[in-house]
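Residue numbering begins at 1 within each chain, and the chains themselves are lettered A, B, C and D in the order written.
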């Protein structure tokens, strides 16, 4: 079957996600980029699961989904928090502490 | 090895067996004086005296029994005992040649370490017995003398304590069974001389003299330590062979080993040389003699006891004690040998010291240099193989030199108001102080070696033997020395007791300076300053102190305070002295004169213990160890012939006349071309200055060597310490800091922080990068995170592809 | 290896008792200084009593064997056991550490240096005592290391908190130096362990075990391991050129600190050589001996010259330690029982004498508030007793026979004439080289006389300087100078101005030192007969040198 | 729930249904903790504000309570209990680690009570999250499957994101939370990617299977990539350089008790995960991770030290110090693949124990001091000897322990670490040993500097009024202090549990 395409897609998603994390200043966008990576992961897992004919991949993917959801919840909460305090969600403003 | 082991029916006795008590008594006395001295009516001096007397008794007992022992060995049936021995001493009968007398060696284990066992004990033979008697006797007299001389001194107790401890040290050294014990006594004497010379340490000059004395002797002690070490191992090998439990430190063993021929040449040579260096230091031989004249900074009794008759002969004693070692090591008396270290050093010392004695104005320093030169005689005697005369010279010299010093003390005490300057404050005292003068003159005769005085019997023997053993150079030196001795002693005698009374001796300027001469040393101080600075300039300056009335105006009581803030204590302490002072020059009280008389008497008779021309050789018999080649080398001493003595007698006479003439000319009342000659004629002046400056040896030692070490070199070392080694350590930190682009500043708080923060700074240097990474920007953190991961992954993937 | 396990509770108790005192003191409020001092002193005394018991129960007949041995498992994971024991070499130092602590406590009674806080000060001292005593009884390398390091922090704080102006520099220097050294030492220990373990799997860090089993390591291996230990110990000794921390530490440390430093801490290094480096690595010892000897004599001369350059009394004394420890190291370097005995004796003597000198320096500082030599002078007039004690110590320190110092120096010099001459298993040490050392060392004794007497002359003799002359005691005491110096009952001229003579606490704290100096000087066998068998055992690899 | 899911998936794969045996005794700690979480939540719901301190007490009780089964398990001490065909294993290693986490949790509760109570934060939720995170750690110790590892990992992470931002009004705290969160999620995402690849090639998520596969096949690029990514994920958690950048900011911003928790517990969690990876999963692929971890370890201890030297804020300094300590813990990993493997594993355990007790102690002191000075500056510690001698002494103990000076735990940990790497006798081993040795001395720079502040400097503000420490803090100080001392003087007491042959049986070191 066409496993490589899946993997390739996964890789691409992964790269986009990484790029987003590094390039984006907007907290929400960074969050989204991370979600992209996680989806890339899911893609991989499912593809492999199919090829390997064992359910571990599926299970793993389910967990990833669940936990990703939790993460996003926490993440958005935090973003709200900073927005409340700073009236901005630009990450560049989060550099009080350095050195 | 003791007689018992040999199974000899050797005569011994309680005193012989317990001779070790002799030093212990004064040692204990020392402690007692220290702890309780101040509370006693006589401030502790009584303890010192008592202990000395006790030791004297013990020593006498020892001598008595030793003589018994000698007789028992002498192999003649009748045992008439020591008294008989004395009787025989004056019976004109030649003795059968006595065979070797076993010394009484007793010891207990003191400490053992690494298989080495050091005993603590006694090695009693003739030499030891002689010195025991001598030291205890003289110490006793000197202490009696001091009772009066130092009365009211601020550290009276201290003085007697030190004096007693000194005697203990000397006695301990004399009967030492082994080298370690000998070193012990040796160093204790050094310590005491330090304490006693520096007795009046308020004056920096005195403390410097004390320091100088101790330090110079200490330099010699390098030799003592090294030498002991060098001979130790060879000797201990022999000791195990002897198997009598003695170690390589044991003197008896060392001697036998040296004679046994088992020891290697070089070890013997170097050992003896090293030890002789110690003797040079202690006995004020050239070139380390310079401390001895300075040591006159101490109170006169100290000079007379330590620096004339006892301590300074320690070096000679050591050579005599280990004579077999030196004899083999330096090949004395080997056929065709005309020079050896000991003789050469001794010879040089005789001459240079005698020469120096001419230019001294301080009576004590004349005597000091004469001591040095007499010590030179002893050394030379030992060097030319004249053991018995040399040792005999120790014996006789002790009496007359001690007497001379005490005379000088008596003069300054009652005659010249504590000045020792012959030119300024003495002269014509013959009539004022007849007893002192008489004693002085007798002793001078003895010193000069005038026939029938003790010196004659010892010194001429030395000279004679030098000739006899083929050391002709030293024979000449000896004769010249005799000449010079007579000459400078005549000069001194003339200046002191004859001619016109000068300065204090003339009873001048009393009232202005009661405090000064109320105080036993106030006026002595400046002279002592000269003593230790030892160059003309200071000397002259110090003369001013006690010179003419007008200059004496400088000597107001306040000034005296300058010298001695406690002048008043002293003054109160012996007002009688101040009172006597008003009576002008006068004979000293009995406490002083009695010792003088006794000593003067002995200065005559002591010689008759070995008056060869009377066929009395008791000293040889009792003291000298018979050379059996096992315990003592065979020496043959020159038989006494009047003929041999003629040259020296003549020279003595010549010396006397020449010197007398010169003195009359130079110091006499009548104008004379010779007066101030040394000022007028350049060469003479140079010579004079040269002598006055003591051949500039002191300059060499103090200015060049000591200051060289003390200042530039050590400063340099210290600088290196701070700036190189210490730096190197900090540098390790600094180097790392250089990475951080920091620069080392100087050794202070910063350096430490630097050294600690060094690596931190290194980070800073290796780029603000690190700091940069910590920008606080999430994205950059992310970039860093993934970047690192990616790089790592890339590398490893490529590697593992 | 046969050991005696009699009363083996003694050492543990004797070593750790001070901890109890510290724990008690923790619960005493800082305000109750008197109580604190009492507790501290009590603890120290109790420890000393245990020490006395040890002294009494010690079997002198078999001083060569380890006694009171405890050998229980401690950290099996790293094959390290709680092995402690005492033999003739450790005994004197072990007891000395206890005595010194007690006396320093007594001295501290009214000499708590600024900024006060006796609670912390005395607790640190007690902890220090644990470390010192422990180091001398440890028979296991790891245990030794732990105690060795335990000493570090308390001394660091003692110098850093209660020290002089540059205390922080000095303390940190001291710390980093020693830490650096001990790090290398530890590495050496570990390396040694594996090398031994290669051949015998049941290897342990126990010193006796290693003595039996490490001997047959190859020469080169031994030399490298020895190098590590050498640096570790040499820093502590301190040997030239690792000595530069010493003058600073000594000069800045409070009197008590200096005393303990001089009396005990410096000995940890030399003790390490005798107890560990040399017996375990005989081949390396032979190979290193000439270099150690060379550094030792350099130290002797170098330290002496350093002294001559000093203008500060305390710093001078500190430098003299470098010279004296040079003699000790020279003795050790000979690898002969004679030399090692001399070394151990030298340690004790130096501990007593230099410790005493530091006490004097401290009291001088108390009186004059300066230690600058050229500002001092005429001490004999103002404080005759103190002055004479200084003189006494100077004499002892320059090795006057009849006082303790001599028996450390003289045998060391003598032994240098014939160092270990080789035996079946080992090559010998070059005699010629050591004879040169011998002469240099002898010269060192003269220099010692030089700087000490010079110091004494400048400080004690002459008239007091004007700046202090006014508040001098009436000098009446000077009449009784000598008597006063040793007479402990009456105190002369005290309380005149702020320059008063020796105080009661000082007498109590000092007299044992003074007495010990004399007693050991007069009857050295007191120590030698204990040390000798032990050093024979320790040097058994060298047989009869 | 884990079990059921596995069960279903198993069904999906193979027709017949086998009910997995659940060893309740082995699972007891987790269960008790889970129960605790619920109880605290409920209490928080139903108790009025003034009684909220109960939650802390209850949390503490549950933490202690879940220690009981661990003790019993340890006492029974029969061999490994493995569930879900070896995907969830309770062995000696996991027991001792569990115990450690629980005690850490308890100490953190003690540290928190006053802070949280006085700060007027939401106590109930705080302790819930704390317990949850601890539960995650406890699970981590037993996870032997990529899935469970991942789940446990997130379980222990996510609550801490929130805890870090706990001071809602404080922008610093927010910043700390967000940074930690974003980077943490990012890292775990990368890790997941790696896991997915690893699963793909090895066809299983079970660690033993994977290690079997790896030892059977030669390492390919994919495997290398996946290994690196996975290691990165955990390296982030243990804040190994260069994945440390979040740590200082977060530590500084977060409430101090949380910082303590992060720097000790979650770091230890990361190490446990790393152990299960390196020792169980990757041993045969050592030429991939060995150099990688070597570089990490070297960088971590060095840069951590270097940056710590220059900090003026105590917490930030401790952050870097704990980074470099992490480097020392990484040291033994370098030789995990060699004959020294067992030693190194024991070393890691010992080091974690020592580090945990010591570092918690340090933070306890920091909290106690901050209550007085209200400042995080190192200079505010001046003159501490006078106004807080007890704390000074304790702090000195802890710092000495961190610096590796006997007789405090640290020296033994470090000694072991060196012993392990030197014992391996490999080039990497010697290299890391040297770097470590240098760093040991360097490290004293900042520890000593802090000591100097406390002992030798005068207090900044003149007042030397003694500081009073609340009982809970005292308890925490007591526990940590004693632990530090005991670990240093009698490490054997603890090490008895530390002999880890079971892990060998489960295949970490066997192959």
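We adopt the following convention: a contact is a pair of C-beta atoms (placed from the backbone, for glycine too) under 8 Å apart; a residue touches a chain by one contact, two chains touch by 3 or more.
If you're wondering where the values come from, they're calculated on a predicted model, not measured in any experiment.
*Asks:* Identify the chain whose mean C-alpha position lies nearest to the mean of all protein C-alpha atoms shown.
*Replies:* So the chain sitting closest to the middle is C.
*Asks:* Would you say B-C or B-D is joined by more C-beta pairs in contact?
*Replies:* Top pair by contacting C-beta pairs is B-C.
*Asks:* Taking each chain's centre as the mean of its CA atoms, how far is subunit B from subunit D in angstrom?
*Replies:* So the centroids are 79 Å from each other.
*Asks:* What's the distance between the Cα centroids of subunit B and subunit C, rounded to whole Å?
*Replies:* 35
*Asks:* Using mean CA coordinates as chain centres, what's the gap between subunit A and subunit D in Å?
*Replies:* Measuring from centre to centre gives 25 Å for this pair.
*Asks:* With chain centres taken as the means of their Cα atoms, state the distance from subunit A to subunit B in Å.
*Replies:* 98
*Asks:* Considering subunit C alone, which of its residues make contact with at least two other chains?
*Replies:* Touching at least two other chains: 168, 172, 176.
*Asks:* Which parts of subunit D, given as residue numbers and ranges, touch two or more other chains?
*Replies:* Within subunit D, residues 178-179, 182, 186, 190, 248-249, 444, 448 contact more than one other chain.
*Asks:* So which bits of subunit B are touching at least two other chains?
*Replies:* Correct list: 756, 774, 776, 778, 782, 786.
*Asks:* Mind listing each pair of touching chains for me?
*Replies:* Taking the chains two at a time, the touching pairs are A-B, A-D, B-C, B-D, C-D.
*Asks:* Mind listing the subunit D positions that touch subunit C in their complex?
*Replies:* Against subunit C, the touching part of subunit D is residues 346, 385-386, 389-390, 393, 396, 400, 405-407, 411-412, 415-416, 418-419, 422-423, 437, 440-441, 444, 448, 451-452, 455-456, 490-492, 495, 498.
*Asks:* Which residues of subunit D touch subunit A once you look at their complex with the stated criterion?
*Replies:* 5-6, 9-10, 12-13, 146-147, 150-151, 154, 158, 161-162, 165, 168-169, 171-172, 174-179, 181-182, 185-186, 189-190, 192-193, 195-197, 199-200, 203-206, 248-249, 252-253
*Asks:* Give every residue of subunit A touching subunit D within the complex, in rising order.
*Replies:* Touch residues, subunit A against subunit D: 7, 10, 14, 17-18, 21, 27, 30-31, 34, 37-38, 40-41, 44-45, 47-48, 51-52, 54-60, 62-64, 67, 70-71, 74-75, 77-79, 81-82, 85-86, 91, 94-98.
*Asks:* Which residues of subunit B touch subunit C in the complex?
*Replies:* 33-35, 37-38, 109-116, 154-158, 161-162, 180, 183-184, 186-188, 191, 194, 198, 201-202, 204, 207-208, 210-211, 214-215, 218-219, 221-222, 225-226, 228-230, 232-233, 565-566, 569, 706, 709-710, 713-715, 717-718, 721, 725-726, 728-729, 747-749, 751-752, 755-756
*Asks:* Hey, which residues of subunit D end up touching subunit B in the complex?
*Replies:* Those residues of subunit D that touch subunit B are 178-179, 182-183, 186-187, 190, 219-221, 223-225, 227-229, 232, 236, 242-243, 245-246, 248-249, 287-288, 291-292, 295, 303, 305-307, 309-310, 442, 444-445, 448-449.
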